[in-house]
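Starting off with a structure, shown below.
A, B, C and D label the chains in the order they appear, each numbered from 1.
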Amino acid sequence: MSKVVSLSEAMASIEDGSHVGLTGFAITRNAVAAALELTRAKRRHLRLTQVIVGLETDLLVGAGCVDRLVYSGGSLDRFGLVHAVNRAIATGTLQIEEYSTLALTLRLAAGSLGLPFVPTRSMLGSSLLDNLRAAGEIVEQTDPFTGSPVLVMSPVRPDVAIVHADTCDEEGNATIAGPRWSLRETALAAARVIVTTERVVLRGTIPPERVVVPGTVVSAVTEVPRGASPTALPGHYDYDRAWLEAHVEATKEGGERFRRYLEGMLEARAVHP
Amino acid sequence: MSKVVSLSEAMASIEDGSHVGLTGFAITRNAVAAALELTRAKRRHLRLTQVIVGLETDLLVGAGCVDRLVYSGGSLDRFGLVHAVNRAIATGTLQIEEYSTLALTLRLAAGSLGLPFVPTRSMLGSSLLDNLRAAGEIVEQTDPFTGSPVLVMSPVRPDVAIVHADTCDEEGNATIAGPRWSLRETALAAARVIVTTERVVLRGTIPPERVVVPGTVVSAVTEVPRGASPTALPGHYDYDRAWLEAHVEATKEGGERFRRYLEGMLEARAVHP
Amino acid sequence: MTQASQPWTPLEMLAVAAAGQVRDGDLAVVGLGLPQVAALLAQRTHAPTSELLLELGVFDPHPTGPSMGIADPRMWEGAAVFGGVLDVLGSMLHGGRVSLGILSAVQVDPDGSINTTQVHLEDGSLRRINGSGGGNDIASLAGRTLVVLRHEPRRFRACLDFLTSPGRAVGGRRRSELGLPGEGTVAVVSDRAVLEVTDEGTFLHSVHPGEDPEAVLEATPYAVQVRPGGPEVTSAPTEEELRLIRTELDPQGWYTR
Amino acid sequence: MTQASQPWTPLEMLAVAAAGQVRDGDLAVVGLGLPQVAALLAQRTHAPTSELLLELGVFDPHPTGPSMGIADPRMWEGAAVFGGVLDVLGSMLHGGRVSLGILSAVQVDPDGSINTTQVHLEDGSLRRINGSGGGNDIASLAGRTLVVLRHEPRRFRACLDFLTSPGRAVGGRRRSELGLPGEGTVAVVSDRAVLEVTDEGTFLHSVHPGEDPEAVLEATPYAVQVRPGGPEVTSAPTEEELRLIRTELDPQGWYTR
């Protein structure tokens, strides 16, 4: 059963207020085309969960689509900070819940596996833990087997996750080259997954060992060549240095300058459905 | 740094009384050459952990190498039951700790990830749970987030795991074709891994996405073509029907008949170091 | 659909009746043996969008011939994904996505709980079988569970020798009290009848063509209720169903003869 | 080894001094920036069997040129394995296999705890930085941790603006009391000196060639002890080390100039 739809159709299934899991990492494999389509549709009050944020989240936050961000940090590597995210936090327009990379990935893995909770030894003694106590997603316990202090965290289950894949068959079985960071845990934790991909292929052409996101959890597939640009897609294209530098400048200044930059991006990447 | 050694050398590093994780599944990808080498060396008092047992475990138990088995069941699929294992349980010469497939895999995943414990909703209400209460590896708790009853299990960390891989580079980075059941969790839970493989290849020839067991955890690599036969190795060889049938007959009768069968197997598969 | 003109074996009838319980769109985890045959039969007939999962990590296989079980690579042919236990029994099943489990059993009780682990023989000895494998997980976590077994009186037990996998209740405690999601066992399909399992007990839903309801009840030595109007007669296998079983799914008759 | 005859930049000196803390055989998880350069430099010189891991799931990379950070595919060149966060920060780090973590910091305190999350500016506003990423995990779980930063007085704080990643103790509570494994921070390497961090406090272990110990202490506004005999002088970069930095590891000088 083919799940192939247009990008706008796929993104229209995400409602205002949805909890969205994103799966890019800093300057690589960001679902930029999908994020731009959400800003174009003026989606509002999103809650994002993403282990390491990068360009896609900085765009969505800068465009005012996001109320709350659950994350563990991030940047555009040496290109610069995620200024739109950082400014929104500093000025109080974005609520955040902040973890370590492992802790948030474990919460997503728990969501993926249906575990009622998951323990970790990370974050003990840190300001992260101090701030998280109020959010109600963490309980401090004693390990019943060793008696050591341990944190117990609730699972995360986004309404939908967005993945930009190298190839994907029409039923949603998707391949991912390079390291996979928390992509798989985020996808499988979500109630459903939207895949944008460089290329849609026929079922049966992907060796089953290579599939990273099983089509069983995918609700929509959209072919978007260069859908991760200006971030890098290993094996397909490099990051676009000039574009990333322009992003950092525009977000650093913010305001009108960012709006002009975003409009330019939306024009340059107009959707042809 | 090459980790390539002979089969007998690799197996000699496993001492009497070791806790060994095995990674075959019923009639497929059993580390038969490795198991035979352990019987040849008359290894004793082993503790085995294996999610689904098959030929390799039936051989080791039949040969008297094993004191304790932590598992979730198993058979030789339609060829028959694991008679050596079943007889040893029924006559009391083999102690067992019995889980469901998911529960034991989660315990191994916890061991792999360094989680102090892991919760599950499997096994609630079953005789498995009744029997496990005494083993001390399970605590019945209330989910701190929802108030539901839940089981909390300790992690498993074998001393060593044995994996039969399709290809493996000389540093231990190993590929596995076909489904991976609990192989990866078992390997990564163990303090170290011994890889037997159809073919040792040069570092750099395996695409990094294809590596299932990272060499970082591997202590020894041994090339053993047809090392899983008479069980199947997907993409390499089918199970050996006549041999599996002979195994079932020999183990069903047991005693002298099994000893003759095992000796025949050891002769047929003599090691050439 | 035309009724088959030729006779069928009791186990072919079982496979067809079990397949009839699969709904189009089901995401199903199936155990070794007859459950494989029943699920594939349903997929090839009335439930084309049902999807199969195998506990060892196989998604959506489309085998074209018979196999010796779920660990036989022949059974994985045409699969979409090779993952692991944590994908199928973890993310799909424990994660709440699996709508149907199909399990074979050595013994079943009135709540639909099953034993696949061990049997106490009359001489006091123990006969060990396969154990749980993923059976306990499937029965514990699937949306609904279908149990298949041969209709022999010794298999229908008020008290199981070992409760491997829970049904709708255990010892009078409902699944929700135990902490289990899902409905539990909804039907027990044998080679003679279909028993419907509900929170109000087991009902004789239908007897297979040619079976006498009284004889079936006699061969079922625990409380089975009959609804007003009596049991239905199970739909007989169609020619197409028998063709599929005999030429594609189980040509050697390993499971159905 | 011959001493370099040419001068070096303070950050080249930092990279060389940090590399000197890596032991052969170390399994190290490294953060973005100078930690990458230091770890690769050690591997190319005195620690050839040390192995690098990147939190996003990269095992044993052997990049041949510079990269913009850990998310830059150039940094993954020659890797043995592409896995995920759960492999590197889970199985390797949380699982107790990682012997060394190398982290850069915005602020450090006398216990070797660090801040990479946010700074309170004098005008009362908040400057957000990168956050934890895997930094908290590495500092919490590695066998020992190395912290690198520029030697500016505002970075050495008795009380951090945000304690992102714990050192040897937090608020007077030792790691074992907090439930943390490992030793914690063993050294803080700056562009002027190497501070040794112990359970008995921070010591000025060595000053870099040309630095005045008193001036370094003055630029370090928290209690730093000096052992009898005074601090050593850090070994100067060798020609080979400078060649590796300038021609292979950081030819553009992104990190070391």
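The rule is short, and it goes like this: a contact is a pair of C-beta atoms (placed from the backbone, for glycine too) under 8 Å apart; a residue touches a chain by one contact, two chains touch by 3 or more.
Just so you know, these numbers come straight off a predicted model, no measurement behind them.
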Third chains touching both chain C and chain B: A
Selected interface, A-D versus B-D, where C-beta contact pairs are more numerous: A-D
Centroid-based (C-alpha) most distant chain relative to chain C: D
Mean-CA-position distance for chain D and chain B (Å): 40
Computed distance of Cα centres, chain B from chain A, in Å: 37
Where chain C and chain D are represented by their mean Cα positions, the distance between them in whole Å: 58
Geometric centre distance via CA averages, chain D-chain A, whole Å: 28
Multi-chain contact residues (two or more partners), chain C: 58, 76, 79, 82-83, 86, 90, 93-94, 141
Contacts with 2+ other chains: residues of chain A: 106, 113-115, 120-121, 148, 150, 177-178, 209
Pairwise chain contacts under the document criterion: A-B, A-C, A-D, B-C, B-D
Touch list for chain B against partner chain A, complex: 106, 113-121, 139, 141, 143-146, 148, 150, 152, 154, 176-178, 209-210
Interfacial residue positions of chain A with respect to chain C in the complex: 1, 111-115, 169, 171, 173, 188, 203-204, 208-209, 211, 214-217
Touching residues (chain side chain B, partner chain C) in the complex: 25-28, 51-52, 54, 71-75, 77-79, 81, 85-87, 89-90, 98-103, 105-106, 109, 120-128, 148-150, 177-185, 232, 234, 238-239
Complex contacts: residues of chain D adjacent to chain B: 27, 49, 51, 53, 58-60, 76, 78-83, 86-87, 90-97, 141
Interface residues, chain C side, partner chain B - complex: 32-33, 54-58, 68-73, 76, 79, 82-86, 89-90, 93-94, 116-117, 125-137, 140-141, 160, 162-166, 170-171, 173, 175, 178-181, 254
